[in-house]
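Two complexes come next, and they have one chain in common, chain A, joined by chain B in the first and chain C in the second.
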Partner chain A sequence: MEVGQMQRQWLDYTRSLFIEGFLDGQFLQLEQLQDDNNPDFVVEVVSLFFQDSHKLLNDLTIALDQKSVDFKKIDAHVHQLKGSSSSIGAQRVKNCCIAFRNFCEEQNTDACLKCLHQVKQECCLVKNKLETLFRLEQQIMAAGGSIPMMELSF
Partner chain B sequence: MTSQNLSTQLRALVVDDNILNRKIHERMLNGLGVECMVVANGKEAVDVHFYGQSFDLILMDKDMPIMNGIEATKELRSMGINSLIVGVSSRSMEAEIREFMEAGLNDYHVKPLTTHKLASIIHNINPNYATK
Partner chain C sequence: MWFKAPESCNCIEPQLPADELLVKYQYISDFFIALAYFSIPLELIYFVKKSAVFPYRWVLVQFGAFIVLCGATHLINLWTFTIHTRTVAMVMTAAKVLTAVVSCITALMLVHIIPDLLSVKTRELFLKNKAAELDREMGLIRTQEETGRHVRMLTHEIRSTLDRHTILKTTLIELGRTLALEECALWMPTRTGLELQLAYTLRQQNPVGYTVPIHLPVINQVFSSNRAVKISPNCPVARLRPHTGKYMPGEVVAVRVPLLNLSNFQIYDWPEVSTRSYALMVLMLPSDSARQWHVHELELVEVVADQVAVALSHAAILEESMRARNMLMEQNVALDLARREAETAIHARNDFLAVMNHEMRTPMHAIIALSSLLQETELTAEQRLMVETILKSSNLLATLINDVLDLSQLEDGSLQLETTTFSLHAVFREVLSLIKPVASVKKLSLTLHLASDLPAYAVGDDKRLMQTILNVVGNAVKFSKEGSISISAVVAKPDSFKDARIPEFHPVPSDSHFYLRVQVKDSGSGINPQDIPKLFTKFAQSQAVTTKGPAGSGLGLAICRRFVNLMEGHIWIESEGIGKGCTVTFIVRLGIPDRSNESKLAFAPKVLGNHVTTNFGGLKVLVMDDNGVNRSVTKGLLLHLGCDVTTAGSSEECLRIISPEHRMVFMDVCTGLDGYELAIRIQEKFKKRQDRPLIVALTGNTNKVTKENCMRVGMDGLILKPVSVDKMRGVLSELLEHRVLFEAI
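Coming up: the complex of A and B.
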């Protein structure tokens, strides 16, 4: 595949992630922070997010498995995850967290368990999507091309 | 690249318990030509001042362990720290914002921050500060 085609594929894929709600404008903020002095900024931040969320999801699983559920603790973890997902523009993960916190407030264990399952799924989905995106970027760079400037024109 | 007079180099302190926010806000501020230090909670923010550091801008998260943003802001003001303290939080309930402002903030912004919001904050500190 020639570079022009790869770049169009990257643009189409990126646009689809926004249209399907996986990413929001905050992700574009991250892209704008990447430059020659910080060439891997987006990958670094995204990797950090997945390390952080992996730990939070483990902690949440353990916390919801207790005989006596500590909803304050769970809320604190979900608040962290909501903050992190919001900061990188992982919109669907963030929205799951908002619902999750509402059920924490109601102290509804069953609903919280459902939310946990959902948020794990959304983290998995966005991880796969972003890994695909980064792979496309690497292919473009390897072929001597550059990543197109992302325009929010849809 | 705009050359800055060293004596006008702005310094900021990022206070946030979330590792991602610390990294992103630091990068945003660096990108705007502002030198940055990052700490993970209110107590660390108070400690760095206690040990003699000073900043033009403090970005203070609200919800943090050990010492939260409200307590840290009150403590810093009682120590005589007059730096611009901008509260940052994802919480948006009016009562909570008011409580945070009354602790001694100059301004408050909802997270996530953008480069644009930070540029306007810096402009308030020094209208002549050349940001990218």
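Coming up: the complex of A and C.
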């Protein structure tokens, strides 16, 4: 497959991610921050996010497993997760977190559990999507091409 | 005679007086014998002393003794003729005994010595023979050396010149001198190769044109061997002068001289080529001299003949190269002249065109403008028709003039393509929009197909490309009365270039260029395949066009071809025949715009961003956020803008590492009261306000309470998350300028 085709594939895939709501404008901001001084910025930040989120989700799972649920702590964790996800532009994760927080305020354990499950799913999904995207980028770079910039308006 | 003495008288009785004469003669003879006997050894001794090489001294001594004793004997004999005493007898006896002994010894010695002496003689003879032989050999060597010297001298003379005439003349002269010849002649083959002509002679100044046929047996004999051959003085080649001598004409020798034949000169065949031509060199010894050709003289002649051949070949090559050089120089001069004439012609034509361009266009414009204006006025139907015809014709004429001028520009290569980055799709869309009205009027269906792998943007001359496509499509429309026209554009693959139809086209693949292949198919009147080559010729009209059909200026396709060639491409037409439609295909080379070009046109101006970051070069800032991801993102943002960023993951860490060098502190205040506390602590740390870094809060909360709290604790700014690059840039500029920034919530 030649470079032009791969680039078009990358563009189409990225577009789909935005259209389906996996990513939002913040992700584009991240891409803008990637330059020659910082060539792997996006990959680094995204990896950091997934590490962080993994830990947070574990903590959340443990916390919600307790007999007496500490909603303050859960709220703090979810707040963290929300902050991180919004920083990288993982829109669906962020939305889930917002919903999660509401249920935390209501102190609704079952709903929280459901939310947690959903958040985990969303994290997984966005992780796969981003991994695919990064793989495509690597292929393009290996073939000697360069990553095209995304248009901001659609 | 021995007489015994009677008593002590030792006298011997004398003889009868009749024998006295006899006795006297004996006496005298004995005396002389003794004398001789005594003198011979003396002589021997004298001469031996003189010679000093005589090896047999001992023998001489013996001989001497023998002779002396013999002499003594004979001497003593003198006393025995008279009465002699006993003593004398005793002495005589003693002497005789001695003599006997010595002579026996000598006789015995001689047996050994005489063979030696004889052998000395034989050795002497042997040495004499040897000396004679050496003398002979030396004589031979000397002659050889002489010959060698002569050859060298001859060679030197012959090779010292490159002029053929001089070479040959010199050869003959030198040979004549060296060998003391009576006559020396050189026969060269004639042009026809069937005869030998007398070319040079030694003695005669101007040889009359003697010729001999080349196939004489004697000549064949000479030519067949590379040795000098003795020939009869009566053969035609040798009968050069009238026989002047009284007796025998001198011996004649002939040798062949190989000639270089330039038309079949082969370096690697030298000297074995069999179809060579030879010249004949004839040498005559003086008549009546009884001289004979010696072997060394023949060898000399052969060597000289070879040298002459070499020298002649050099001379021939030189002549040839001089001739070639002269020819080239003449050609050069002629070409130069032709070039200058051509240039003058081109200049003249260009001048003419330039003048005509201006002169022709001005009236044309006047006609077109005024006719258009006339059209706007009130006219009768008849007048309108007339004006329309005038306008149409003058438009046509203007087009023709433009075409001619374009073509002449194209022809003398003064047209240069402009290169810009343009959208391929746009070009095709525009062509389509221009042609659609005409096509729909003629009820022709027009379809455009652009391949999906066609680059959106290309680098090249879009105007001329459009002109070409328009021309081709326009032709298709013009010459089709019904049916459909399809236009297709694809990226040409390298294997499609191996088309038999375009044998001279050799595309060069590269990473920064691609080949665009456009094909326009129509179902119109078609073209006779025989007329196809003429289509691209200027001003040639195809006869197949019906009289009612539209007339073309005949230049369109020629111009298209010029444009296509300038774009390093190729254009060709195919048609099955009259009424079977026509397909025009062309391939052009366009550039692929690189990333910076692309971004310049359509996408986010990333390039611009890079220019402004230098404003914040090295601005020291501290980022405090306990969320690792957020921290990384903010850090990346500020790094991108050129700041020197330090990060802290907690308030304590922040307080630890903060220093007066930090101009700004960005802290996240989403996590409760920590941020406010930190702000207060920072302010406490830095007594003077000037040293203190600006404290800016980053928050996602959009309630007014957050803002009030920030203001209350004395923070210098508040920014809402999410922060984009541009926003941060603006924030930093604002903060640096005004030292305070509170975003409106």
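Convention: the second predicted complex is superposed on the first by the 153 of 154 C-alpha atoms of A that agree within 3 Å, B and C clash if a C-alpha of one lies under 4 Å from a C-alpha of the other, contacts with A are read in each partner's own complex, and residues count from 1 in each chain.
In this section, a residue touches a chain if its C-beta (ideal position, glycine included) is under 8 Å from a C-beta of that chain, and two chains touch if they have at least 3 such contacts.
The structure presented is a predicted model; accordingly, all values stated were derived computationally and were not measured.
By the touch criterion stated above, A:Gln121 is placed in contact with neither chain B nor chain C. In the superposition on chain A, A:Gly4 contacts chain C only, with no contact to chain B. Residue contacts after overlaying the shared chain place A:Asn102 against neither chain B nor chain C. A count of residues in chain A touched by chain B and by chain C gives the higher number to C. Contacts of A:Ser146 after superposition on the shared chain: chain C is touched, whereas chain B is not.
Applying the stated touch rule to the two superposed structures, the overlap between the chain B and chain C interfaces on chain A comprises residues 26, 29-30, 32-33, 35, 38, 41, 44-45, 48-49, 52, 79-80, 83-84, 86-88. The touching residues of chain A, counted against chain B in their complex, run 26, 29-30, 32-33, 35, 38, 41, 44-45, 48-49, 52, 79-80, 82-84, 86-88. Those residues of chain B that touch chain A in the complex are listed here as 17-21, 23-24, 27-28, 31, 63, 90, 111-112, 114-115. Residues 453, 455, 595, 598-599, 602-604, 606, 609-610, 627-630, 632-633, 636-637, 639-640, 668, 670-671, 700, 721-725 of chain C are the ones that touch chain A when the two sit in their complex.
If you check the complex, the residues on chain A that touch chain C are 4-5, 25-26, 29-30, 32-33, 35, 37-38, 41, 44-45, 48-49, 52, 76, 79-80, 83-84, 86-88, 146, 148-152.
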